[in-house]
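Both of the next two complexes hold chain A, though its partner changes from chain B to chain C.
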Partner chain A sequence: MARARLSSSFHWMAAPAVIFAAGMIVFPFGYAIWLSLSDVALGADPRFIGLGNFARLLADEEFWNGLRLTLFLYVVSLSLQLVLGTWLGLLLARSRSAQGLVRTIMVSPFMLPPVVVGMMAIVILDPSFGIANWLLEQAGLPPGLWLSDPDTVMLTIAALDTWQWTPFVALIVMGGYLSLPQDVFEAAEIDGANGWWRFRRVTLPLLAPTLITAAVLRSVDILRFFDIIYLTTQGGPGTASTTLNILAYRRGFEFFDLGYASAIMVTLSAIVFGSVLVFTRLRRAVTW
Partner chain B sequence: MVMRRLLRLADRIQLLIVLVILVLPIAWTFLSAFKPRTEVAAFPPRLFFTPTLENFVELFGRNDFLHNTLNSLIVACGSTLLGLALGAPATFAISWHRMSWPATATLFARMAPGTLFLLPWLLMFSAAGLVGSHLVLILTHAVITLPVVIWVLLPYFDGVPRELVESAQIDGARQDQILTRVVFPVVMPGIVVASILSFVFSWNYFLFALVLSGIETKTAIVASFNFIGEGVTNWGALMAAAVVIALPPLILTLLIQRRLVGGLAAGAVKG
Partner chain C sequence: MKRRSFNGSALAAAALAATGRRAFAQGQAFNWRAHDGQTVNLMFNNHPWSQAMRELAGDFTALTGIRARMEIFNEEQFRARLTTLMQGRSSDLDAYMTLTSREGAIFHRAGWYADLAPMLADRALTAPDYNYEDFGASIREASTFGRQVVAVPINQEGPLFYWRKDVFERLGIAEPRTLEDLLTAAETIKAREPSQGVWAARGIRSVVPYALAGFVFNMGGSFALPDGKPGLAQPNTVRGLELYAKLLRDYGPPGALNHTFTQVTELLGQGRIAMTHESSNEFANITRFPNRAQDLGVKVLPPGRESGISKPVAIGWTIAISAHSRRQQAAWLFLQWATSRDVQGKLVRAGVAPPRASVFEGPEFNAWASEMPIRRAWANALIELGRTGTGVYQTPTDRIPEARDLIGGVIQQIVQGRATPLDAARAADTELAKLQ
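Right after this comes the complex of A and B.
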C-alpha cells in the first residue's frame, strides 16, 4: 500500500502550467508564424502566400535600416556593458563594498521600469532646458541634441541602457569572481605577474563563463529593446531609431499590416534565439 | 605599502564616481517632482526651490492617475498570484521528477520578443471580447511572471529533502497536502523572492498593456506614456508620475537585495 503511494507521480501538478503555456505561448507562437506566411488585411480572410512577406522584407529599405540599427545597438550596448561591468565588478570585489547603501544604489537603476528611465531621459536630456546640457555648458563643452539628432539618437539610447544595466553585469561579475578559488590570484601575484597580464591570462579566462551568462541575459533584452525607444522617440527622428522591434510594432499596431509585421517579428525572434545559441556554444567552449 | 594604499584610494575614487553617475539622474527626477510647476523646465536648472506637492495634486486630482495606479496594482498582484498558482506546483513536479523540458520551454517564453505574441493575442482576445479587461492583462502578464516563478523556485524545490516528502506519503498525506503543508513551508523564502520579482516585472512591463488595455484598465505606465503624447507636456506631473511608478519596485527590491541578482540571472546558467 505504502509502496503504491510512494511510486505515485506528481506530474499532474504541472498540468495547469502546461495548459496555460500551450494556450498563451505555444499556440500564439504558431499563430504568429502562420500570420507571417499569410496576407492578412483587416476584415478579409487571411490568404496563405508562403514566403511572400519575407520576400517583401528583403526588398524593404526600412527593414534593412531596422536591422542595421538593431545590430548597432546590440554591439555598442553589449560591449559597453560587458567592459564597464567587468571593470566595475572587479572594483566591487576588490573593495568588498557591495553592501548596504552601495548595493542599494547599484540595484536601483535596473529595478526601475525602463519607461521611467525614458521619462528621466526626456527631462534630463532635453536640448533646451535639460540639466545635461547645462552641465556640459559649465564644463565649457558644446551642448548635445541627444535624442533629437539622427546622428546621436542611437548612441544616446545605448548609453541609457548601459546606465541602467551595467550595475547588473557588475554584480554578476563580482559574484562570479568571489566564487573563484582566490589562491589562484595570490599565486599569480607571488609569481610576480603584472596587473594586466594577470587580468588577461588568469582573471578573464576564469571569469569567461560568468561573462557569457551576463552576455546571454543582456543579448535577449537588448535585441528586443522597446520601451525606452518607443517612449522617447517612437523610432524617430525620421526612422533614425526604428529598430526591428519598433518597426514590427508600428507595422503591426499602427498600420495593421499583420502578416508583414509578423514576418519582421519572426525574423527578430530568430536573431534572438540564434545569438543565445551562439553564446551557449561559446560557454561550452570556455568552461573549465 | 604606500603603493597599496594609493591603489585602494584610486579604487574608492572610481567607485564614488560610478555611484554619483548612478544616483544623480534618479535624484534629479525625484527632486524635480517636488518643484513648483514652472521651475521643472527652468533654465538654468534650479537646485534650490521651495518644495511643493502641487505636481502630485495635479497628477492625482486632474488626471485619473489614482485609477491607473490601482489598475497597475490589480494587474501586478493578479499576474503574480496566477504565476505562483500555476508555477509553484509545476516547479515541484519539475523538480521531483527531474524534468528538463519545461524549464527550457519557459526560457523560450522569456527570450521571445513580446511583440511576437502580441498580434496573435490581440486577434485571439478581440474574438473573445476580452480586450480592455483586467483579465487579459493579468493573463498576458502571467506569461512574464510564470517563467520568473519557475526559475527562481527551482533551486529551492531542489533543496527539499526527498525523505521529507516520502515520509509524508507514508503517513498517508494527500498529494496536495504534501505540497501545501510539507513542501511550501520549506521553500517559503523562495516564494517570497519569486513573488517580489514577479510583481516588479509585471509592474514594470509596458508593451502588453500599451496594446491590450482599455480606457478603464490603463496602467500607470501606459497613462504616463500618454501624457508625453499630449502635445504640451506637463513636466512636473510627468516627474511626479515617474516617482509614483518608480517607488514600488525600488522599495520592494530593498527586501530581497541579497537574492536579487541570482533571481534575475536564474535560468541563464543552465539554459
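Right after this comes the complex of A and C.
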C-alpha cells in the first residue's frame, strides 16, 4: 500500500518535468507539421492545403538534388567516421604513452563551435590565400579548389565533418572497448587467433552495440548538418552543396515560403527518425 | 580625444533638445522627451550605419530619455530573426532595418510596416526641422507603397568600379572609359604581370545581381521585355551576362563563385587584385588597408561602348517601425533622430553616404571629401548614382529575392561552363516567368 502511494506521488512529482519536456518537443514539431500542411503567406494566418506542399516536393528538382546530397553526405561522413573512429579508438585504448595529452587533443575538434570550424575552413581552404594550397604547392602537388568546385565541395564538407567528429566516435569506441571482458581476447590469443582474425571475429562483434550507439548519435547530427555548410558555401557553387537543411532555410527565410520549408524539414525529420529506427532494431539484433 | 567626442555629442544633444524646446515654445506640441523613460528595441543588419549607431546611441538617450536597445546581426541571421519575430507578431521589436528595394513589397503585403505617413504629417509627433523632403524624391518613392510611407532612408549605396591606378600606370594601361575597356585591361594585366591578380566580383548567386546589373544595363540590356516579361535572353542582356561571367571565369580568383563582398573587399584591400565592381559601402573598409587610399581610383562603372549607357544600381537601406510595436511613437523619435541632418552629418565620417541632400551638399561633407582625392571621387560617384541609378535590377515580380537568385544562377552556370550564356538566360527566363 505504502509502496503504491510512493509510486503515485513519484508520478505526480515527475509530471511537471514530463509535461514541460513534451511541450518543448511535441508542440514545435506539431506546429511544424501544421505549417507543412499549410500555405503560409507572410503576415497572414496559415491556410490549410493538405498535402499540397508535399506534392510540390515531388516535382521540385532542387528537393531531389538536396535529398541526394543529404544522403551522400550521410553515407560518406558516417562511413568514414565509423571506420576511422574505430581504428583510432582501438589505438587509443591500447596506447600506454601520454594518454591524458593524446585524449585532450582528441577531444578538442568536437569541442569547437561549428562557427569556428566553418571560419577555419574558409581561411584554410580558400583557393587564393588558404594555407592548404600553399602546403600542396610546397609539396609539388597541384592546388585544389576545395569548397569552390561543384565536384569536390561535398567531399570537402564530408572531410570537415569527419575531421571534427571522428574523435567523438573514437572516444565512444575506446570506452566500449575498455569495458569489454579482457579474458575473451586472452582466450582468442591462446587459441592462436591472429590480429585481423581477432578483430573481425571477437572485437567487432563485441563492439557492435557500441558502434551502433555511435552511429545513431552521428546519424542524427549528420542529417541535420547545417551551420558549416551555410558558413562556407551557402549551398553553392550553384546548388552543389544545397542539402535539404540549406534548401529549407533558403526557402523559409530568404524566400519567405514557410509552409514549403516546413514540408522539407518534416520530410528530413522522417528520414532521421527512419535511420534511428533502423539502427535501434539493428542494435537489438547485435546485443550480446 | 574621447572627452572631446563626449563634449561634441553632448552639445549636439543639447542643440537638438533646444530645437525641440523652441518648437514647443512656439506653440507646437512636439517634444523630444514625450516618451522619457521608455526603452525601444531595435534590430539592425551588420552595416557601417548600425555600427555607428551603437556609438551614437547615448546621444539619443540624452536627448529623449529613451533607452535604445540594439541587436546587430549579420545579414542572413538578421533576416531569419526578423522573419521569425514578425511572423510571430511579436510586439518586442519596435524598429528594424529593411531593404525596401528587395523585400519592401513582400513586407508591405504582409502588413509588417507601420505607416509613417500619419506620423510625418502630425506636428505633435514630428520635429519641426525634420524636413522629410530633404531626402531625394526617388529615395522617398522606394519606401512608399500606395500612400503608405513604410520606412525612412538611412544611407545610399550602389556598386562602384574600383581600380588600382598604380598598376594601370605601371603597365601603361589607360583608365577604362568604356565597359569593354575592362576586358582589354584585364587581358593586358594578365599578359604583362601574371603575378598580379586581375579581377574579383561577387559569385554567390543571391548577391550576384547587385554587381551584375550595371554590366547588363550599360550594354544596353535589361532584365525585362517591354511588356514586363522576363528578358534575360535579349542580345544586349546576354552580352552583359557574358562579360561579367568572362571576367569572373578568366580573370577572377579561384573559388570566385563562393565570394561575396567580404572576400572581394579583402582581395582588393590586400592589393591582390587590380579591379573590382563592389559596393560604395565598402569604401571605408577598403581604404583602411595600407596604401589603398592613395593608389585606388573609384567611379561609376563605365558606359557600354556602343550603347553609351551608364545606368548603375542605386539602393539604400532604410529603417522601419514594426506594425506590431506598442511603442511606435517612441520608435518614431528614434527614427527622426537617426535620420536627422545632425546625425547624418556625423555618419559621413563612418563611411555612410548620406541620403539627405542638405548633408550631401553641406559644408561638413564637402570638407571631409576634400581631405583626399579618393574621397572626392567617391562622393562624385555617389552623386552620379543618385542621379542615374535604379533600384530595380530583376524582372518585375514581388518575389524579388527568388528572382535575383535565379539571375545569379545564370552567371554560375556560365562560369562553370554548364551552359552557354544564351541557353542559361533562356532557361532562367522560363523560371522567372513562374514568379510573375
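Here is the rule we use: the second predicted complex is superposed on the first by the 258 of 288 C-alpha atoms of A that agree within 3 Å, B and C clash if a C-alpha of one lies under 4 Å from a C-alpha of the other, contacts with A are read in each partner's own complex, and residues count from 1 in each chain.
By our rule, a residue touches a chain if its C-beta (ideal position, glycine included) is under 8 Å from a C-beta of that chain, and two chains touch if they have at least 3 such contacts.
If you're wondering where the values come from, they're calculated on a predicted model, not measured in any experiment.
The superposition on chain A brings chain B into a clash with chain C. In the superposition on chain A, contact is made by A:M13 with chain B only, not with chain C. Chain A is touched at more residues by one of its partners, and among chain B and chain C that partner is B.
By the touch criterion stated above, A:S262 is placed in contact with chain B alone, chain C being left untouched.
When the two complexes are overlaid on their common chain A, residue A:T233 makes contact with chain C while staying clear of chain B. When the two complexes are overlaid on their common chain A, residue A:Q182 makes contact with neither chain B nor chain C. Contacts of A:F29 after superposition: chain B is touched, whereas chain C is not reached. Look at A:S79: by the touch rule set out above, it reaches neither chain B nor chain C. Stretch 79-87 of chain C is the one among 79-87, 349-357 or 367-375 that clashes with chain B after the shared chain A is superposed. On chain A, the surface touched by chain B in one complex and the surface touched by chain C in the other have residues 126, 128-129, 230, 249, 252-253, 258 in common.
By the touch rule above, chain A contacts chain C in their complex via residues 40-44, 126-129, 143, 145-148, 150, 230, 232-234, 236-238, 249-250, 252-256, 258. Chain A contributes residues 2, 5-6, 8-14, 16-18, 20-21, 24-25, 27-29, 31-32, 35, 88, 91-92, 94-95, 97, 102-116, 119-120, 122-124, 126, 128-129, 131, 134, 163, 167-168, 171-172, 175, 213-214, 216-217, 220, 223-224, 226-227, 230-231, 245, 248-249, 252-253, 258, 261-262, 265-266, 268-269, 272-273, 276, 280 to its touches with chain B in the complex. Interface residues of chain B, counted against chain A in their complex, comprise 8, 11-12, 14-15, 18-19, 21-23, 25-26, 28-29, 32, 40-45, 85-87, 89-90, 92-94, 96-97, 99, 102, 105-106, 108-124, 139-140, 142-143, 146, 150, 166, 169-170, 172, 175, 179, 200, 203-207, 210-211, 221, 224-225, 228, 235, 238-239, 241-242, 245-246, 249-250, 253-254, 257, 260-262, 264-265, 268-269, 271.
Contact residues of chain C toward chain A in the complex are 76, 79-80, 83, 86-87, 106-107, 109-112, 197, 203-206, 253-258, 263, 267, 270, 272, 399, 401-402, 405, 409, 412-413, 416, 418.
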